[in-house]
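The next part holds the structures, each set out as C-alpha cells.
Common to both upcoming complexes is subunit A, partnered first by subunit B, then by subunit C.
Up next, the complex of A and B:
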C-alpha cells in the first residue's frame, strides 16, 4: 500500500478521539507544501506526503498541550517529540504519532534555483528524480541534488517513536561520518578566524526570530529572554554584537536539547548556516555527557538534572 | 540612587600596593556616586562611624566598601549601614585586597584594577533591591552521626544541656575506634575502662535515642529543620528480645567469619556480639558467612536462642527523624595496606597494622594479650615498628601526617616490652611528633626507660628471610644502611577518611578536602563549624586526631548546637532564588536541577502552573537561574541584570582606557 494511503487509513481510524491531526497539505503552487490541520474526515483527502513536506510539525505540539492530537512525523521530526517528552513539555498519552520513514525532503532554495522565478504548473517525483513543469518547460533533476543538507547526512530516516508507521521502516542510508564534516571545517579555523567567520555570517541576521519561532524546542514563546527587559540581556540596537549575542543565546538554550531537525536554518530568510552552531554544541554534549538529544524517551537531558557525580566526568576518586 | 564609596587602606595591606585615595577620587566620577572617600581602616570604629555619618549627611541609599574579602567584613558593614537606617542589603564590597593588592606587584595596574572593581560594585548596588529576612521556628533536636568517643561526648553534652539527641552508629555497638584499643597514651590506662562509663551513659541517658547498626539514607532541609532518613540495617535478630546471653555464638557452626572488631587477626562466628562490653549488647548475623544465608539451611541459632529472637526474614527499616542541627563525628578509616607493597603488607602474615597489634595486646583480644607471630603463634624476640606507613608520602598522594601514630607506636613499644620479657623493639621514624601534654616525656620514656631503639630513617623493603622478616632501611643519623631481622613487623598505618565519607558529605552538603576529610568553616576560627549552617564537625572526620582532641571537639560542637538552639526562631537569608511569575513558562526545569528540592509547583488563579521557591529550603546556589531559559527565576542580589550591569561597567572602563 502506498505510504499516503497508509497515513490516511491510520487517521481515519484515530480521528474520532482526536481534536485534530497535524499533517501537510498542498500550498499555493505545486512545489509548496504547508502544514495542514485535519479536523474532520472530509479533510483527510487534502493531506499530502512527498519530499516537499519539509516542515517539522512538532513545533505545534507544546502549544496544544491539554488536547489530544495526532501528528505526522518524519524520522528527524520524531526526535523532537522524544526530546519534548524527556523534558515533560508534552504528554505521551495526549499524542498519536503517525510515523513516516523518509528518504529526504527538498531544500526549497535549491528548488527555487531550479525554477528560476517561473510559474510552476506541476511537480512530480520518482524514487530518484523530481520533475517540475513550469510555464517555460520541463525541468528534471536528481533528488539527491535538491535534497536538504540535513537529509544528505540523515542518521534517523525512520521515526524513533510512533503509534502507526506508514510504509516500511529502513535504517540510515548515509555515512555517519558526514554529520561532523561541516563542524570540523569551522573547528579547523583559529579562534580569531572563527569569530570573524561568524561575525560575517551573523551580520546578515535581521533578528526576525524566525529561527526561534520555527524551533520545536523553543517553548518560551512570548516569554523569550530576547524580548525581555528583566533580565535585559540585550538591547534593540542592530549591531553585529547583538546579533551574535542572540544567536549564542538561542544555541545555548538548545545545548543538550537540539535534535538537529534544521528548522531554524530552513526558516532563516537570510540563509545563515546556524545549524552548524547547534551541531558543534551537540558534538560537545555527546563527548562530554555521552548523550544525544531525542533518541530515547527514557533519557534525562544532561543539563536539566542535578547529579553530584556525572558518570562520564570523573572529578573525585570514589 | 545616591551611592557612597568608602575605600580602605587596610594599613599597608591595601595602601602599600593600591593608591586608595586615587581610587576614591576616581569613584566620584561614576554614575550614582555622590560621595567617595578613603580611610586607613574602614572596619575600625571611626571607619564605620564615617560611613554612618555620610549616610545621614549625604542621604545615601546605597554603600560600596572597597576593602578585603566579603568573607571577612561583609556582615560588619551590613550591620553598619543598618544602624544608619539603610536596608542591610543595599551594600556591596569590592575586594581590593585579596583580589588586588595582595596579588599584583604593579601599583599602577593594581590601582586601575581596584578602580574597575569599585566601578562594577557601584553598578551592581545601583541595581540592588531591599531584601528582608523572615523568621522560622527551630526544631531543638540534634542528630549525632557516629558513636565513637567524639560523637558520644557531643551527644552527652547536648543531652545534659537539655536537648533531645538522636545518635546514629554504623556498627552494632557504640565505642568506635577507642573500643578497639588496649591502652591509651600517654597514661597507659585501659581504653575500654575509661570509655565504658561513657558508653553506658549514652545508652542510659533519657534524652538520647540510640540507633546502632544504622546509616543515613538521606538528609533534607536546612538549619533548624532537617529531616533525616535513617536506615536501620537488619541484624536478623530481634533486638527487643535479644538479651546478649551469647548462647548463639557458642553454638554457631560457622566459626570462620571475618572478625571486624579484631581487624581480621582472628575469626568469629557468623552470629556474634563484637566484644564483651558492647553497648547495646546485641547479636547480629553476618549473612556473608551465615550458613542459613549462604547454604539455605542451618537454623542452629534460631533453635538455641532462649528468647526466640532470631529472624532470618528481617529487612532493613527506614525511620525518619526531624532535627534542627547535625553533628558529624564519623571518624576515620585506615589505609588499605595492600598499597604498601614494599612492606609486604597483606602478603606476609607477620607484617601487621598497628590496630591489629592493638587487638593482640588487648587482654580481651583473640590472644588474651599474648604477643604472638600470626604465622606460627610463637612469641617474637624482636619487633620492628615502621611509622608513617602511607602517611607523609606525597608519592602515595597522602602528604599529611596521621597525627597519632608516633604516640601509639611509643605506647605499643612500651607494652611490647611489658608483655614479652627480653624482647628487642626497634622503631623506624621520620620525626617523632609528640606535641601534646605529657607526650614528649612519654616517647622519651620509651627510649630511655624501656630501651626501645629508635632509628631515624625510612624502610625501603620488608621481605621474608627464613622464618623471620628482613627489614631493610636506612639510619640517616649514622648515614648507614640497616638490615634488621624481625619476628614481627608493625606498621603505623596512615589514617584516611572514613569509608563512604564523601557520599555522606554529599548527603549533608558539606565540603571535604582532597583526601575526603570534612572541611571546617575556618581552619583557625571556626574549627567545628561547616559552611552548611547547622552542621558541625567533631573528631577525626575533620582530620586525624587523638582522643583528647576528639573529645574536645565533641564538646565544642555540642556547645555550638546549644548556642544555636538558645533562640526559638532563626532568620532566613533573603539572598535566594525568586520566580517572576509573569515570566515563568512552567517548564519546571528549575525543579529538575535544584539539588535541594526547593522548588514547588504553584497554580495561579487562571490555572496556569508556575514554579515557586520554598524560601527556607533554597540555599541560593543559583543552578536554577542558569537553567531557566526565559530568565524568570533570579537569584536575589545576584540577578542577571546586576551581573550585566557589572559587566557593562567593566566594558565601559576598558573602552575609556583604549
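Up next, the complex of A and C:
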C-alpha cells in the first residue's frame, strides 16, 4: 500500500478517539508543505507525505499535554518524542504515533537556490529525483542535491517509537562517520579562527528566536532566560556578542537532550548553520557519557542523573 | 509612464559609483552574505551586490536600528558619604547622510509607515526624523513579482516610485534611472549616469508593463471585519501552526514595535531601544504579572488587527503592511498572511 494511503487508513481508524492529528498539508505553493491539524474526517484527504514534509511536528506536543492527539513522525522526529517522554513532558498514553520510515526531506534553501524566486507551478518526486516546474521552465535535480544536510548523514530513517508504521522499516543507508564531519572541520581551526567563524555566521542572527521556538525540546517557551526581565540575565542588545551568547546558551541547555532533528537550523530565516553547534555538544556528550539522546525510551539522560564514577570519565588515578 | 528625461546606469558602473558616494555618505546596498541571504550592509568595495531579488531583510534599520542607545548613565559615589550617589546622563545623536541603494518599492512603502508613526504623527521621534531627513533612497523597481508578493493589494505596486529619490528600472546592460526628487537629480549628475537612449526608455516601459498581475486580496472593509472577528476561536484556528517566534515581525519592513531596557554594568550602563515582536509573550507582560495576551491566538489577532484594522483606522486608511511577503517566506511553518486575510474577509 502506498505510504500516504497507509497513513490515512491509520488516521481514519484512530481519529474518533483523538482531539486532533498533526500532520502535513500543502502550503502556499507546490514546494511548500505546512503543519496541518487534522480535526475531522473531512480533513484527512488534505494530508500529504513527500520530501517537502520538513517540519518536526513534535514541537507542538508539549503544549497539547492533557489532550489525546495523534502525530505523524519521521525517524528523526521520533527521537524528540522519546526525549520528551523521558523528561515526562508528554504522556505516552496521550499520543498515538504514526511513524513513517523516511528517505530524507529537502533543505528549502537549496530549493530556493534552484528556483531563484520564480513562481512554482508544479513539483514532483521520484525515488531519486525532484522535478520543479516554474514560470521559466522545468528543472530536474537529483534528490541528494537538495536534501537537508541532516538527511545525508541520517542514522535513524525508521521511527524508534510508534503505534502504526506507515510503509516498510529500513535501516540507515548513510555512513555513521559522516555525522560529525562538519564538526570536525571546525574543530580543526584554532581558537581565534573558530571564534571568527562563528562571529561571521552569527552576525546575521536577528534574535527572532525561531531556532528556539521551533525546537521540540526548548520547552521553557514563554519563560526563556534570554528574554527574562527580572532577573535581567541577558542584554537585549543585538551585537554579535549577545548573538553568540544566545546560541551558546541554547546549545548548552540542550546538552544530552538535543536529538539532532535540525529544526533550529531549518527555522532560521538567516540561514545560519546553527545545528553544528548542537552537533558539537552532542559529540562531547557521546564522548563523555557514551550517550545519544532520544534513542531509547528506557534511558535516563546523563545530566538528569548522578553516578559516583562515570565509566567513561577518568577523574583520578587512584 | 517612464520619464523621457531619464538616464542610463550601466551595471558595471554601480560598484565604483557606490564606493565614490561612500566617501561623503554612508551607503547601504543589498549584499550577499550567505548562499540565500541578502542584507542591506554598508557598501565595501569587493562585496557581492545582489540586485536580482528582494533582500532577505528589509532596510528599515536605516531609520530604526535594531539596537539604539537612548542614553548612557554613570553613578558616582560621594567620597564623604557613601550612601549618596550622583548620576550623570549622556545622549548623543550621531546622524550621517545616508544613501539607501537598491531598496524595493515595498521596502520604501514600509519606510512610509515609520513616517506615519515617528516623523509626521502626533509625536515626533528626534532620531527617526533626523535619520529620515538625512536619507536618499535609490529604489530598484521590480521586473517581476515573486509568488509571495502582494504589494498591489495593499496600495503599492512593483514599480511605485512614491517615497523614492531615484528610481531604477532594469534594462539590457544596466538600469534606466529616473530622478524623482531634487536629491535624485543631484545623484544623476554623476558621470556614471549617461542620458538614456530612446530605445532604453521604451524598453523600461516594456519591462514594467510585462509584470504579471498579482492575485488581489479581498481587503474591502477589512478594518471593520477584523474588529467583528474578536472571538478567539477564529484566531485559534488560523494561528494553530504558529510557533510564536518573531521572524515575521523582524523581517517586516513596516513593523516598528520596540522595547526599552536598561542594561547596567556595575555603576554605569545604558538605556537602549530594541526591536520587539508582538508575537512574544513578554511583549504585553505587565509588571503585575498579568498578561492581556497570554496565548499565541491573542497575539496573532493583534498582529493582523494592527496591520489591517487599527493602523488604517489611525492613519487615514494606510495599511501597516506593504505586501513584501517576507513574513510568508521567512516563517518556519510558512504561515500565509494572505490566506488568513482571505479567511477573515470571509468570516468577518
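Convention: the second predicted complex is superposed on the first by the 310 of 318 C-alpha atoms of A that agree within 3 Å, B and C clash if a C-alpha of one lies under 4 Å from a C-alpha of the other, contacts with A are read in each partner's own complex, and residues count from 1 in each chain.
The criterion applied here is as follows: contacts are C-beta pairs under 8 Å (C-beta built on N, C-alpha and C of every residue); 3 or more make two chains touch, one makes a residue touch a chain.
On a predicted model such as this, the values are computed, not experimentally measured, just so you know.
> Just subunit B (first), just subunit C (second), both, or neither: which does A:88 touch?
First partner only.
> By the touch definition at the top of the document, which applies to A:221: first (subunit B), second (subunit C), both, or neither?
A:221: touches subunit B and subunit C.
> Return first, second, both or neither, reflecting whether A:303 touches subunit B, subunit C, both chains, or no partner chain.
A:303 contacts subunit B only, not subunit C.
> Which chain, subunit B or subunit C, is in touch with more residues of subunit A?
Counting residues of subunit A touched by each partner, the higher count goes to C.
> For A:119, decide between first (touching subunit B), second (touching subunit C), both and neither.
second
> By the touch definition at the top of the document, which applies to A:253: first (subunit B), second (subunit C), both, or neither?
After superposition on chain A, A:253 lies in contact with subunit B alone.
> Which partner chains sit in contact with A:2 here, subunit B, subunit C, both or neither? Use first/second/both/neither.
So A:2 meets neither subunit B nor subunit C here.
> One more residue to check, A:232. First (subunit B), second (subunit C), both or neither?
In the superposition, A:232 touches subunit B and subunit C alike.
> Of the residues on subunit A, which ones does subunit B touch that subunit C also touches?
Dual-contact residues (subunit A): 221, 223, 232.
> Mind pulling up the subunit A residues that touch subunit C in the complex?
For subunit A paired with subunit C, touching residues are 27-29, 32-37, 55, 59, 109, 112-113, 116-117, 119-120, 135, 201, 204, 206-210, 212-214, 221-223, 227, 229, 232, 235-239, 263, 266-267, 269-272.
> Show me the residue ranges of subunit A that touch subunit B in the complex, using the header's touch definition.
87-89, 219-221, 223-225, 228, 230-233, 253, 300, 303-306, 308, 316, 318
> How about subunit B: which of its residues touch subunit A in the complex?
Spelled out, the residues of subunit B in touch with subunit A are 502-503, 506, 516, 580, 583-585, 587-589, 592-595, 623, 627, 629-632, 634, 639-641, 644.
> Looking at the complex, which residues from subunit C come into contact with subunit A?
33-37, 39, 52-54, 56-57, 66-67, 144, 146-148, 212, 240-241, 243-247, 249-251, 259, 261, 263, 272, 274-275, 277, 280-282, 285, 328, 330, 332-336, 338-339
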